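Structure record follows, encoded as structure tokens.
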């Protein structure tokens, strides 16, 4: 950590902050020039929030040298993490994992019809929302527990793994019973209470990036889960909020490359939520493959016009089949396997 | 709701969506020009997520006519809401309510020292964090229940009301026991599970605006609480994320005026989190008063350098006293009372 | 254009705006429901700035039905535009066009060395900055006219086309003499004076997207050039500003798909400025190809450490050669030709 | 400037960048910890773009210690700058300067009517657009030279100073003839060609903040004007682009405080463009006064519904008169004078 004082900072102000740090066993290394006092703070600064140190008068700027996350960092673990999903597939490294299914679970027929077609094209994991985070209290809120049970039943029927989004910590036991991956939604990325509780779960966690979260904040949220004892975190980029309104969000495709430099954790791309327009899913999926993502999460619905949520971004079955054909042809070109 | 079709949309596509809407008892009013099919959807569309209707092929653009929130809207209730706080003060209309206290509760001495000075200058409500949402799992996480108990004790001692941030729904009973206002933090603004649970609480809720939330999203979150039966929602603007990094967030002062047009709910300004720099608190507080906010929430600490969180944005006692002197002088100029 | 009045709007307010529009030869079509007055404005509304109509009291919301751009729109011209570049190559449709070269032209040797290698791998167009837009007045500002002359000389030597960024309208004659494509930089995307002047040029214009511009604003700037008589506009996506700071900007890869729906103009991707990190160029370039872009603009430097600008994002020659090998292998897979 | 290398950086990489810097006469001060190489670069680094140094392999992060601007910085000149406006008024320090007038100059009658009322309430400076930057080529583009001539004529008639926005450098002579302050619009804030040309002008320059510009970028643009020899720069905050769409832009009121810490230049607030809604102008103006701005720029029109641009945000004369009454009452409370 590098701390720079204001030009008009006094010697007394300098001493105050230096003493504060020395009392906490940090070493100080001066690097001042003629005009400005600058010094390095040597030691494990991960528990210090730079923001707090600005309370010291005379402080002008504080810069972190080490990353604030440890378990999630590439420096901590050099090789790519590979996460086993209930004996059915893996996520990470050369594997290109396909997750697909309806936005919301609406009925047994809807889910079975969808799953049958997905399985036929080699999809590994079935997704389906049971507890839906909706911006309006008047919109369909999901089938809740009945939905989870259906998801388990149909996943088993087609030998697929199951993933669904958890709304709060008190449902962890239930989710552990019915799904193979617990998803944390974008709006809960910094629900630290939930993250801490999930750090005690034995299930892999898929952590979606928050609507306007930086990559560092995203990895810090992963760190919450890992620091508590759960190393199996899958990151999912689902678009960030920008001024562009033609797409629902803006897919930050470079985030895959950034995460690969900073961390050993796998990144899945969700083009459905990113674009919010089914017309773009195919091309964005190929871009995700090209850039090196570890897989895709795609919304598929047998009849999107009647979908109770997210119809605009759901692929119909024939379109999904086309996408899978493209993916199958191209995975070897990019060093990935769909197996 | 106005729906516009693409220029190349077919008659069949038009019929499909129109039939879908008619089946749901909406009326259709055509407004097409030579080139484009456009029609209005008449009826209560609040349960429709426009996004879902984009699933219909041929749809180009959908525009809401009515606001998606009802209980929170000015159209629903014309006069300003005034919220009673445990017989101690009110929030709303002509009252200018002062909320102040440390970011985190750290000890009985720290809280009592702070409260004594705040009370002496007429502060109505004592704030203090017990469960702290920190971006790092390695940072101080708050005193938890012990903190809440201290907050109650000291608030009673000085005849102030108490407010603290709730981390999750399972703590609602505890919070109801110890505080007078339950605060929902910015990162939980769209934690719909929590909002629904709070809609059953008898306590007023202070809802902070999310880091990159629009005003409509903010009011939709208030609607969640109100729709479930709790009409006592206080909004709190605490700065939004922008590209500017000199300040921690950007105080959106115009949001007070926007909310006053759209809603009858009171808005409090939190300049501490908005600016993240104590040097700016005094001037931003006066701007909040000038623009018509219903009060302020200010972080105050007897010794910010030793604060376990948010030292940079905490006022020292003498600075807070100065601020209160300014506020006292100016409230009558802006038609407000500090009583 | 759909205009919606406020619930409390008076009949007099309604008449005032309706008369105003009728006087300007628009037709009005009512679509009001019980509570709210809503009406369509039929006619050519492209010259109306909706913002101006908000001046009428009682107006609540105005929504455009037709796009505000004409010449640039897909509705105006269905087939993809193909732009001829001085007999050397084309941009648009199946062609995948490679533009590469140093950020700044620094010397004849630097430019020749770079161009020789680029040409050997099939690059069509040589880029090089002569008038550099730098955020600091103390940074290297470019070789100016000497740079342009070098660019022409070296381009001719290797039978490549030449592109460079123009700083202001008074240099159009000079640029027409020395380059084959005139580039408008991101910071000048809404320099309307410059756009109007370029609409009279005979040269194709490459229009970079502004730092925080929406796609509609970008196409409106293209419209400025086209409306004045120059149909040869190439769009260039170079990343938009977001909260993410790990990359210099955020490459909006979906913008290629959005533009293809809205317009017939070709889109080039500039991954160098988008990422600002040479390590990401290769993968982002493949993603650009996958998504259907019309080509790439890449910064290449024989010795980036000594570059006078943008060293961080410049590829070394061997890395560029690797990239070209990847592109060559993959273009046929995506229905493109490098010819 | 502090440079930090990657953990895996080699000794050779370290030597390469250190030698590069030493050759340019910088001194190096080591501050490395056990794991990471970090060093300070001592000397005048203002001409170095940190971005360029990332070209060196092994570099992880670069942090500026000194501000990249000099002439504009508070460190360079401690006392507030006061700018004389043609013997009529001043801008800066205790003076609260009122600038008002129509968005666009539309006719002699319109301008005279407006000016007469403005002058009657003590407005110092008359604004009026002659060359209008419009997002659509089909919208009214302004009266050009005829507008400027009218502005001069009417300003002289009422003994007011005149300000108007310049579209490009080749019109500087014309503007110097007709106006007292040359305005640079938000979209031209980084039109460096224009800024350099204005640095040679004898007239004060009002520099509007760009739509998504940071305060540092804004001050760097001021630096361009000052570095070339023109010290008379007035900054104007006019709202920044955010996700909030209820207001046209988001007024960043804290920017006044930030600029006052970083620079000695005065800041004017333009609430008209910030909010884009005349209903908010009065309250936002008072907030601007409360926060310490050096004045206001307000759009006023005798008949906004008929305005050829920006009607939505223009005050009618009676509303402007009310605003001036409020301002007059409150300026002494905030240590300002309207004189």
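The first chain written gets the first letter, and so on, giving A, B, C and D; residue counts start at 1 in each chain.
In the analysis below, contacts are C-beta pairs under 8 Å (C-beta built on N, C-alpha and C of every residue); 3 or more make two chains touch, one makes a residue touch a chain.
Worth saying up front: this structure is predicted, and the values here are computed from it rather than measured.
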Look at the interfaces C-D and A-D and say which one is made up of more C-beta pairs in contact.
C-D
Return the chain whose centre of C-alpha atoms lies at maximal distance from the corresponding centre of chain B.
C
Go ahead and note the Å separation of the Cα centroids belonging to chain A and chain D.
39
Per the centroid of Cα atoms for each chain, what is the distance between chain A and chain C, given in Å?
31
Chain C-chain D separation of Cα centroids, rounded to whole Å:
26
Going by the touch rule set out above, which residues of chain D reach two or more other chains?
212, 241, 243
Contacts from chain B onto chain C in the complex sit at residues 2, 4, 7, 29-31, 33-36, 38-40, 42-43, 61, 63, 65-66, 75, 241, 243
Complex contact set, residues of chain C against chain A:
212-216, 240, 242-247, 250-258, 261-262, 274-275, 279-280, 283-284, 286-292, 329-330, 333-334
Which part of chain D faces chain C closely enough to touch in the complex?
16-17, 20, 46-49, 51-56, 68, 131, 133-139, 167-170, 187-188, 190-194, 196, 211-212, 217, 220, 223-224, 227-228, 241, 248, 276-278, 304-305, 307-314
